[in-house]
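For reference, chains read A, B, C and D in written order, and residue numbers begin at 1 within each chain.
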Amino acid sequence: MIVEFPALNLLLLMPAIGVAFNLFFGYRLGRSAVNTVSVGVVAIAFALSVWATVKLATMPPGSCLQAQLGPWIYAGPLRLDVLLRFDALAAVMSLVVSGVGCLIHIYSCGYMGEDPDFARYFAYMNLFTFSMLLLVLAGNLLLMFVGWEGVGLCSYLLIAFWYDNPLFAFNGRKAFVVNRIGDVGFLLGIFVLFSAFASHGLWTLDFAEMRERAGLISPAIATIACLLLFFGATGKSAQIPLYVWLPDAMVGPTPVSALIHAATMVTAGVYVVARLNFLFALSPSTMEAVATIGTVTAFFAATIALAQSDIKRVLAYSTISQIGYMFLGAGVGAFGAAIFHVVTHAFFKALLFLGAGSVIHALGGEQDMNRMGGLRRRMPLTHAAMLAGTLAISAVPGFSGFFSKDEILQAAYTSGHKTLWLIAVVTAGLTGLYMFRLFFLTFYGKPRLSEERFAEVHEPPFVMAMPLVVLAALSVFGGLIGLPEGVLWGNQIGAFLAPITGRVSAAPAQAVMLLSAITSGVTFIGIILALIGYVVIPTLPERLAAWAQGLYRLLWSKYYVDELYDFLITRPVLFLSSAILGRNVDSLAIDAVVDGTGEAVQGGATAVRRVETGNVQHYVLIYLGGVLLIVGYYLLSALRH
Amino acid sequence: MTPINYYLGLGALLFAIGTVGVLIRRNLIVVFMSIELMLNAVNLTFIALGRAMGSADGQVIVFFVMIVAGVEAAVGLGIILAAFRNRLTVNADEFNLLRW
Amino acid sequence: MQALGPLILSWRSVLAPGIVALTAVVTMLVGSGLSEDESESVGWIALTGLVAAAIASLAASGDHIVTFGGSLIIDDYTAFFYLLIPVCSAVVVLFSFDYVAALGLPATEYYALLLFATTGMMLMAGAGDLIVMFLGLETMSISAYVMAAMAQRDPKSSEAGLKYFLLGAFSTGFLLYGIALLYGATGSIKLEAVAQMVRKHSIALSPFVLLGLGLILVGFGFKVAAAPFHVWTPDAYEGAPTSVTALMAVGIKLGAFAGFIRVLLIYLAPLHAQWSGVLWALAALSMTVGNLAALAQENIKRMLAYSAIAHAGYILVGMTAGRSEVGPALLYYLLGYAFANLGAFAVLVAVEQAQQSGTKLDDLSGLARNHPMLAAAMALFMLSLMGMPPLAGFVGKFYIFSVALESRYVWLVIIATLNSVVSAYYYARVIVAMYMREGAERQAQTRQPTLLFALAVAALATVIIGLLPHPYISASSAAYASAEQVLRPATAALQTK
Amino acid sequence: MTTWFPVALMTAFAALVVGLMVTINAIVGPRSRDPVKGEAFECGNPPSGSAWRRFSVHFYLTAILFLVFDVEVVFLYPWAVTIRQLGATGLVEAGIFIVLMLAGLIYALRRGMLDWS
């Protein structure tokens, strides 16, 4: 059932109004006007999303709302409309984009409270929201690509927001270029799909129509197209091999990291795969590739996260790792679970970034965890919120991340991807370890900050605290929309998405329990290791100082544990992460590929440029060379006849 | 009557001589004269073809080409003069301010 | 000798270019009677003439009619360019006013030559035989040679003019030779007659036709700046006064492509198998050379020259496909390309004057601080040239590439797509320089209403053509379809015989 | 191929004759190398100054003007031959042509091209 729903246009246009307002009147009307309008438009967009979702929920499954803004490109047989379509998948995504987006906009009012460039900031943020909504609401692939490029552009602009710092500007450009590399794949994928469908008379690239006629596409073409599109997705979603930009993207303002580089934009790749699941389903080999790359990325990013000391970089690698999980889910056919994880991840990762932002804000820009510690006492609220987020991302049973991650892992297991499942379970343990390491290093132990600065540490103001509380609640309870089958109301979000994404057959109940238990067990091991390494042992020396006698032995013990920990986990992991991944793979191999391509291109550029010697007779010679080639070509073909 | 191929061959030869002249002579004026030679080689070709086919078009074109060649002469000498005033040379090698 | 049949002389075909040419003569006469300072106001005469010509262009629209004994064609294709070309020239005039005075260019000659060049471009679009095509090309080129060398005291300007002229005249020889060979093979210089002759297999594959075709490709390749015939472009673009560069990058490209597309895609369409391979190579080479060399440039005019070469390559990708679906795509692409380039050069002209600086990348540093509107406009034009959706550049590229892919030129499209990625880097450099680098404190900008108006026109056009492409694509389709009409009656006539 | 035979023969013959004359001249011709012999001949007067002299630009401008108006005739001549067949249309067109040339002349006058003072 398709219902016309013109309010969708309004939903899309609200952030655009915000952009125009901020650009043209922002600086003139002042900070409070900018804050009100920027937050207001996103809030209205959220309200409209809720309205549309409620309306959609009352309709039979598989229906959608749509609105046509007008014809876009009509050329020859080509028929592309500006068509917005609001189905279950779009509903979930637009709720997340506008909802989490709204909270982050509110938070930004506090975070950017003293930045002189507030109007530019909010213009970019609203532009991002607009592009992201366009991406998820677009009814055809090319319109989606407009949003896709738009979010990339905003990401670039916001990473380099504080462009006075040349490193920031450089990182922004790196993100832009790496994304564009992915976009080649994406664009070529669109072309391939376009020509494949056009040869069957479909010239619209419309998702619904492509879905109906997916059967006409040969598996080979589907494989090529899907691989190309997936390559684009690895760029935007920071997967191997194109993940290098995301950690560097952390130089942007922290709310930007929360909104763009954690909650929404980076999940666009997952959204694309889910949106085109009918095509990916045609190509089992592509599905395998998606699942494998997702899992491997998840594992490697988690190991790297262990070795980082910058709080935002840890979160960045954890984002990469979590998106890896999503691709694993998508790759094994559990598209619904992948989207579910997108949702819960948006909650807890936005929360974690905003919490980290509060800490950074309170510490006057300090991002190194080695200079934090003990902040629990000064920032109880942030501490509680971060705890909720950390528990959620570590997938501790009962918290939101648990349900979504568990669904993915079970789908991986039941679909027969046992190796991938095993790696993913180990990664779950690593996740617990590095996230609690972050948590403990930041909030527990002795303050490693100078006393004066520590005394100045304060809780964030209300506008920043409020989003934290809301997101904490969502991180804790958000998983309830997708309980395992048979528990209470069961998997609501899965059922809601099923008409678009399909469903995977659930495993038997005992198997479900057993798998959950294994995963949770591994997670707990990770958490306990973090507890021992970063909380328990550091406090032991103090107690031992009281018991003077046991000092030597317990010091030794501490050393032993540290060594053991160092030897058994940190060393190998450090070796893997910093020696192989951090330096060798990350900087050598991948940077070599990226930079090497760059250098090859630059070298080519210089060579091509040197042809222009400035001497007019050299030009004549080049010209004549061209003439001779063409004349020769035609003489030969004339001779042949 | 002389076969048309002779004219065409002569035209091609003159054209090639002009081309080589453009390529190897260093004096801008001579380079320019070589270009004029190329145009006149084409003119010869047009006339020959037009006459062989009994069509007037060939001759009409030649009128226009002559005009264009004349205008090019006027403009070209003016530009060479301007270049000479700036650089005090008409050596083609020495005009390389603009490159890369 | 042919009998002189009744001449069909339709005023509709010459009205718009006639107005421009007449305005040129008036400008020349009025301007030469005025003193140096007064003569700058003849720009307004030129502007009036161009606007009048743009309005008069409607007279050329309608069904496909051949007049002046086959020399000129009236149809929507002609009208499309009769409208577009004067508009582009008018935009150039708008941002030339203060620039001409600042550089001390002779105003009378500047505007007169600009108008003569415009006349030539229009004639190329409306030409029905190879002589008029050639004359249009020469009228436009010779005017441009002079304009490029116009800044007499600047050695770079005269060198640019010199190189442009020498290579241009040299290239003329080849084009002319190509025309001669085609004439020899088909017995006619009328495009329609040529088209009918090359339909016959025996003639189509004769060495004369093939060599003629090859040399015509060379000649047009030179004018549209396709590699390897592009070598003059960077030098000429860099050395010429910036407003003249704009005319070269936009007007001359438009005129040359108008003629090239009509000759090749419509009249020489039967030879598609013969020319598509060469165009394939030219397209691939132009894109690669243009984009690679642009990466290493520090002077924005030179960078835009290489970018122009690359864009010629993208258009050639479409021409290689050669199907009638691609025609509208090419016209649409030219539309978007023209305004984005005009705008970019207008910004450069403004920067040169406001800051008394050159056009190096460094001169744009911190532009966003000093002149936020200029920087925003420049960013817009760069994004459009880059092919960032939803601007005109993206829609055009998508349109062309998808038709090329539809015609199974897979590798060419892959090369093109890779190239458009490389291009993002150097366009982004401009944006980075403007927004993310600190420039020296500059003095306040000089207010130039005409320049700002030109900039606004270009910016609006770039946005609107991209956001609402539908009417423009329809117009392009109609224009191309009416140019194609020539083939249908001819085929019908052949069949009835 | 036979059609080209005379050309080849002609070329060979020409080359032969020229080569022969140059060679014989080089071998048997008397030679005297002194400065007077190398001088340019100026009607018996001792030559003065360089042969490479710059001319006033006016010579050149006049030459261009001559070129333009000389070539004009190229177009008027065919019109004159077919004046009856072309009739009024031809007359009007030739008129336009002449008026345009006149405009060029006026421009040249105003720019002082014929001003030799």
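The criterion applied here is as follows: contacts are C-beta pairs under 8 Å (C-beta built on N, C-alpha and C of every residue); 3 or more make two chains touch, one makes a residue touch a chain.
If you're wondering where the values come from, they're calculated on a predicted model, not measured in any experiment.
Chemist: Using the mean of all protein Cα atoms as the middle point, what chain has its own Cα mean nearest that point?
Modeler: Chain nearest the centroid of all protein C-alpha atoms: C.
Chemist: Just how far, in Å, is the C-alpha centre of chain D from the one of chain C?
Modeler: A distance of 36 Å separates the two centres.
Chemist: Whole-Å distance, chain A centre to chain C centre, using C-alpha means?
Modeler: The separation of the two C-alpha centroids amounts to 43 Å.
Chemist: Just the number, please: Cα centre separation of chain A and chain B in whole Å.
Modeler: About 64 Å separates the centre of chain A from that of chain B.
Chemist: Measure off the straight-line distance from the CA centroid of chain B to the CA centroid of chain D, and report it in whole Å.
Modeler: About 14 Å separates the centre of chain B from that of chain D.
Chemist: Mind pulling the residue numbers of chain C that touch at least two other chains?
Modeler: In chain C, residues 162-163, 166, 170, 234-235, 296 touch at least two other chains, as defined above.
Chemist: Which positions in chain B are in touch with at least two other chains?
Modeler: 19, 22, 31, 71, 78, 92, 95, 97-100
Chemist: At least two partner chains per residue is the criterion; list those residues in chain A.
Modeler: 609, 612, 614, 616, 620 - these are the residues of chain A that touch more than one other chain.
Chemist: By the touch definition up top, name every chain pair that qualifies.
Modeler: All chain pairs meeting the touch criterion are A-B, A-C, B-C, B-D, C-D.
Chemist: In the complex of these two chains, what residues of chain B are touching chain A?
Modeler: Chain B residues touching chain A: 19, 22-24, 26, 31, 92-93, 95-100.
Chemist: So in the complex, the part of chain D that touches chain B is made up of which residues?
Modeler: 3-4, 7, 57, 60, 64, 67-68, 71, 74-75, 78
Chemist: Tell me, which parts of chain B touch chain D in their complex?
Modeler: 3, 5-6, 9, 63, 66-67, 70-71, 73-74, 77-78, 81
Chemist: Using the touch definition up top, name the residues of chain B that touch chain C in the complex.
Modeler: 8, 15, 18-19, 22, 28, 31-32, 35, 38-39, 41-42, 45-46, 49-50, 52-58, 60-61, 64-65, 68, 71-72, 75-76, 78-80, 82-83, 85-87, 92, 95, 97-100
Chemist: Inside the complex, what are the residues of chain C that reach chain D?
Modeler: Contact set of chain C toward chain D: 4, 7, 9, 25, 28-29, 32-33.
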